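You will see chain A twice below: alongside chain B first, and alongside chain C after that.
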Partner chain A sequence: MENKNIISIEHVTKRYPVGDGEFTALSDINLQFKKGEFSGLVGPSGSGKTTLLNIMGSLDSPTEGKAIVMGRNVAELSHKESAQLRNLHIGFVFQIYNLLPVYTVFENVEFALLLQNINASRRKKMVMDALEWVGLQDMADKKPSKISGGEGQRVAIARAMVKRPEIVLADEPTANLDAKNAHTIMKTMRQLNKELNTTFLFSTHDEKVMGYLNRMIHLEDGKVRKDEPIEKPQYA
Partner chain B sequence: MTANSKISTRSEPPRGAITRLAFHLAYKNLMGAGLRTWLSVGILSFVFVLIIFYQGYVEGFYQNSIDENIAWEYGGGQLLYKDYDPYDAFTLQDGHGKIPATDTKDLVPILIRQASIYPQGRLMPVLVKGIEVAQNTVKLPTQLLQQSSAEYPVIIGKRMAASVNLKKGDQVMLRWRDKNGSFDAGNVTIAGIFDTDVPNVDIGQIWMPLKKLWAMTDMKGQATLFIANNNYEQKNLPKWKFKTQDELLTGIRALEKMDKITGVIIYLVLLAIAMLAVFDTQVLSIFRRQQEIGTYISLGMTRKQVLGLFTAEGCMHSILGVLVGFIYGVPIFIYFTRQGIGTPAAVDNLGISAGKRIFPDFSPELIIGTAVLIIVSTTIVSFLPARKIAKMNPVDALKGKLQ
Partner chain C sequence: MIRFLLKGIARDKNRSLIPIIIITIGVALTVLLSGFIYGMMGDMVDQNARFETGHVKIMTRAYARDKDQLPNDLALLGVDTLVRSLHKEFPDMQWAERIRFGGLLDVPDAEGNTRAQGPASGMAVDLLSKNSEEIERLNMKSSLVSGAIPKKSGEALIGDDFAKKLNLKIGDTFTFIGSTMNGSMAFQNFKISGTIRFGSAALDKGSIIVDISDAQLMLDMPNGAGEVLGYFKDGVYDDEKAQKVTEQFNAQYAKNTDEFAPVMQRLKEQNNLAGYLDYVDSFTALFVGIFVFAMSIVLWNTGLLGGLRRYQEFGIRLALGEEKGHIYRSLIYEAIIIGIVGSIAGTLLGLGGCYYLQTHGINIGQYMSNSTMLMPSVIRAKITPYLFYVGFIPGLFAMVFGNMLSGIGIYKRETATLFKELEV
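Now for the complex of A and B:
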C-alpha cells in the first residue's frame, strides 16, 4: 500500500439551505485515505456519510474546507474537469444500482468506456473482464429488468471497476440485498481491492459491510466521532 | 506520475465521437422507451405527411388552374383594346377597336358583344364572342365552327349548356345589336359543346366565328382583344395594351397565396400540436429520468453531454418521424399523384378553375423543406426543456429530488 494520500479531506464543512435557515450536514471533517484502503463511513441516517461520499466523488463541493481527490481540489474543478475526474478515476456503486434500464448488462458496463473513446475490440475485452470479475459473463446480453437484485449490484460493481479506477465509492451497496447477496458483493469488492489495489470507500450502516472493512470512520451529526483501524476484519 | 498529472494526460474523445455517442445512446434510449417513442414518432410522421399532402394539394390545385387558364383563355398573354376592362361590363359597348394592319401575327382576335338568348322562352343575357376559327392558340374547339354548315354556328361550354338546357344540334334564338344599336335576331345552332375546367370561357358565353359576328354587327375588322400565342413578341401597338401571362394570372396567384397562407397557419397549428407532444415527452423524460441523468453524470458525462443526449433524443424523434412518414407517405403521395383527387361538384359552380381531378404536386423541395422544418423545430423544442439539465445538481438528480 502506498503512503501517499489519494483523498484528503481538510476542515470540510457542508451546509444546506433549509427554509430560512441552514442545515449543517458535515462539520469540520479532517480525513485522509491512502491508495488501496478498504474503508467505511459508518453511522446512522443523517450523519453525513453520503454527503461526504458525494464530495469525495466530486458530485458535490464543500461549503468550507478542501476536498483533495487525486491531487485536485474538487471545489476548484470546472464541470468538465469534475466529469473527467469521475470518468477516469472514480467508480460509483449506488444503493439502488442505478443501472440504465434500456441498455443490456454489457452496455451498462461499457458506458464509461464509450466516454473514454476506447476502440470497440479493447472495450469488449475490458467489459468481459469486468463481468468475469463479478461472475456475470453469461448475463452480458440481458437487460437489468431480467436479472436479480444481487446480480444488478454486481453489474454496478463491474461498471464501476471496468475503467480500472483508483477509487470506488459505494453508497449503502448492500442496503437492498439479502444477507447472502450482501456477502457475495462484499467478497467480490474485497477481492478486487486486493487484486487491483483499488481504494474502496463505503457509506454504510450494515454490520455485514462493517465486517469486511479495514478502517471504520464513525460519523454522527456531521462530525467524526471515531476513526478506528481494524487489524483483523471479521470476514477477512 | 502524480495523480494530478494523470488526470490531465488522459485523452478525451473528439467532438465528432461525442456527437456519434449522443446519437448512439439516444437511439438506444428511444428504442428502449417503446410505446412512448412510437407515439411521438407517430404524431410527427402524421404531421409530416399531412403538411406535405395539404401543401401538395394546394400546389396541384392552382397549378392545374393556371395550366387550364393558359390553355383555354390566356394563351401567351392578351392584347386588350385600351377602353376595354374585362372586369367592367360597361366597357364592352365601346371597348373595341380596329385590328391593326400589321404586327398581329401570332395573335388571335376576339370580338365581344352583349346579346340575349331565349332558351325555352326565357330571356338570358349572354356574351357573344367572335373568334378566328382557324386558331390553335387556345383549346376552344373552334374547328367545330368551321365544320358546321349552320347559318349561325356556335359552341358553348358544358356549364352553359346545362344552364340553358341545350345540346348539340339545338337551335336557340339570339338577339343582338349592331354597331348602331339596332336590334336583330336569328336562330343560332349549337355546333358543339366543350368541356373545360375554366368557367370564364363557359358560363354565360357563346362562341361563334369572328367573321360571322362581324357581319351580324356590321363591325368588320373590329376586335375587343387578342390572345397571343407563345411565339408572340410584344410590340408597341397604339390603343392596345399588352397583358403578360403573369399579369393575367395575378388573380389566381393571389388566391393561391391566400390559400398557402391558410395552409401555413394550418400546418403551424399542426406543428405546434406535434411540438407540444415532443415538449411534453421531453419534460416528462427529464423529470422521470432524473436518476438516470445523475447516473450519467456520475459515470463521467458532462452536463453539456447529457444536454446533448436529450436534445439528440428529441431530434431523433423527428428523424424517425420523417422516416416513418416517408415509408407510408410516399406510396400515398405516388398514388394520389397518379390517380388525382376528385373535386366536389360544388366547386365547379363557384367559378374557380378546378379540374375534375386535382393532381397534387409533391415537389422534392416541399418534401425536403418540410422534413428540415420538422427536424429543426423538434430539435429546438427538445433543447428548451433539456436546458434544465445544465442547471441540475447531480446529487439531487441521483436522489430524484427535483420538482
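Now for the complex of A and C:
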C-alpha cells in the first residue's frame, strides 16, 4: 500500500444549487494521495477546501468525476457503507474539538472503538495508548470542561487516532488555538504520521500548519492552482 | 454501548433528571386523577348498591312500578320461601330482605305528652340474626356516632343529626306513627340504642333503622318485605353477571300474569342508573383520555426538545462513523429507559397519592347538606389494577413517540454540512 494511492480524486466537480442557478465549489479536480502523506489543502475561504475534505471523508459525493477512498468510490456508497468507511478507516479532527461534554476524556476517545464492537480490555489498552501518544494519559478521568483548549484538541486527535485509521482529515485544527498549542498539536500529529504512517490531510490557511506540511495543494475558486511538494518543511 | 448510553443518561441532567421529573409528575397526575375519578364514580355506584338497589333487586311487579312511593301494600309476601329458593338457585349471591317505610316520629316528655315530632324515613334490615351481613354491608359499625347497634327487638338506630334536632339521647324512647301494609294506622315504640351518620344527606335526613322483624310486626307484614336485594359475594357490581341472573330469574315468571309475581331488576335498571353509569363510563374514559392526551403532548415535546438539544452530539457521532439508524435506535432506547423510570416513579407517586385519598378522602359534606342525591359526603380515590399501567401511556409511549419524531431529523441530516455545523 506504501506507493499505492490511498485517495484518488479524478475529474471531480461539485456543484450546489443556489436559487435558480448553481454554485461550482470544485471544478475538475485531479489529485492523488499516498499512504503516509502529510498534506494540506490551502487557500482562502470559499476556495473549496472543506468541500474537497467532505468528499474525501465520504461525507459528501461529487457531482461529476470519481473520488476513490481506500479503493471505494464514495459516490457509489450507501449511507451505511459511508458510515462504515468513516468508522473503520477515517479519523476526523474538527476546528472546535467537539468532545461529548458528559463523558470523560477516556470515554470520548473510547467512543470510536465502541462502534467497532472491540472488547473492553482491548479497548482500554487502545485508548490508553492513544492518550499516551498525545501526552494525556493522566487526564483520562477528567471531563472536557476541566481541560484546556489545547488539551481538548489533543483529545480530539486521540479520538481520531485510537482506531488506527489509514486517513486523518483535519479541518482548520489550529484555528482556535494559540501559537504554542498550535505547534504542540501539529508536532503531535507529525509524530503520529511518522510513527504510524497515517495519512494526514489538512484544510487550513494557518501559516503554522503550512510550516509542517510535506505537500501543499493551493485551491482557488474550486480549482487546483498549485500542487507543491515540500522537501524540507519549515518546522520538520 | 448500552453502558455508554446509560452513563450519558445518568450524567446529563437535561437528558435524564429533567425529563424524568416531567414524566414522573405527568404520570403521577394521570394515575392520581384516574384513581380519583374511578373511586368517586365507583363510590356512588357502590353506595347505591349497598343502601338502595342491591346488585339486583326483587320486588312485586306492582311495587316495582311505584317503588319511589315505597308502596308497602304491594310488598312481597312469603319471602322466606323466596329467599330459600334464591340461595339454592344462585349460590354465589347473598340475599337481604329490606323494608323501607315513612311516617312520623313522636317524642314524649315525662308526662307522656308530645315533646317533639319529625317526619322519619325508616329502613328495616336484618340486624339481629347471627349470620346477617347487613351490618357490615351498610358499614354500620364505623358509621355509628354514639351508642350501639340494636341487640334486641324494640331497639332502633336514629340519624345523629335527627337525634340532635329532636333532643334525643341514647336510651330515650320514641313512637313511630305510620300506616300498616293494610292501610290501618301503625304505632310502635322504640328505644334508641345508638345514633348513626352515613355521610350522605339522602340517607341521614330523618333516618331511623330498625330490625326487619320489628318492622314486619309494626307494619303488619308477616313474612313480608318490600324488597329482596341480591349481592355478588365479591361485592363488585358486574352488569353482565347481573343481567344473566336477572334473565334467569325473570324467565321463571314470564308466563305469570299476576301483578304480585316477583320481578328482578339489576342495578343498572334502577334509579335511572343506566344513563348515569353509561355517562360515568364515557365521561371517565373521555376525561382520562383528554388528560392522557394532554400529558402525551407535554412529554412528546420533552422528547422533541431533548432530541433537538443533542443536534451537535449526533453530528459528531455521524462524523465518527456511527450509522444514522444506530443513532436513531439509541435515541429510542434512551427514551424507553427514561420513560420506564419516569413511569414507574410517577406510578408509585400517583398510587401513593391515591392510597392517601382512598384512606382519608376529601370531605365534601358541607356542600352536600341539602342534597337528596345518594352519594358519599367523603369522596375517595380507588386503587384498581388499571392504575398500575395507565400512566405508562403518556409516560412511556409519548416519550418514545416524541423521540421517534424528533429523531427523524437524524435521517434528514446532510453529512456534507457536518464540518460547517461542527465549527459553531
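Operating definition for what follows: the second predicted complex is superposed on the first by the 235 of 236 C-alpha atoms of A that agree within 3 Å, B and C clash if a C-alpha of one lies under 4 Å from a C-alpha of the other, contacts with A are read in each partner's own complex, and residues count from 1 in each chain.
In this text, a contact is a pair of C-beta atoms (placed from the backbone, for glycine too) under 8 Å apart; a residue touches a chain by one contact, two chains touch by 3 or more.
Predicted, not measured: the structure shown is a model, and the values here were computed from it.
After superposition onto chain A, the partners chain B and chain C occupy overlapping space and clash.
Legend: residue contacts after superposition of the two complexes on their common chain; A:Glu107 is shown touching both chain B and chain C.
Applying the stated contact rule after C-alpha superposition, one finds that A:Glu166 touches chain B and leaves chain C untouched. Once chain A of one complex is fitted onto chain A of the other, the partner contacts of A:Leu115 extend to both chain B and chain C.
Within the superposed three-chain model, A:Gly71 lies in touch with chain B and out of touch with chain C [touch as defined at top]. Once chain A of one complex is fitted onto chain A of the other, the partner contacts of A:Arg86 extend to both chain B and chain C. In the superposition on chain A, no contact is made by A:Met186 with either chain B or chain C. By the touch criterion defined above, A:Leu53 lies against chain C but remains apart from chain B after alignment on the C-alpha atoms of chain A. Common to the chain B-facing and chain C-facing surfaces of chain A are residues 54, 57, 59-60, 79-80, 83-88, 92, 94, 96, 98, 100, 102-103, 107, 111-112, 114-115, 159.
Interface of chain A with chain B (complex): residues 4, 6, 54, 57, 59-60, 70-72, 79-81, 83-89, 92, 94, 96, 98, 100-103, 107, 111-112, 114-117, 159, 166.
Every residue of chain A that touches chain C in the complex is listed here, in rising order: 50, 53-54, 57, 59-60, 79-80, 82-88, 90, 92, 94-96, 98, 100, 102-103, 107, 110-112, 114-115, 159, 171-172. Every residue of chain B that touches chain A in the complex is listed here, in rising order: 2-4, 6-7, 10-14, 17, 21, 24-25, 28-29, 31-33, 291-292, 294-295, 297-305, 393-395, 398. Across the complex, chain A is touched by residues 1, 4, 7-8, 11-12, 15, 312-313, 315-326, 415-416, 418-420, 422-424 of chain C.
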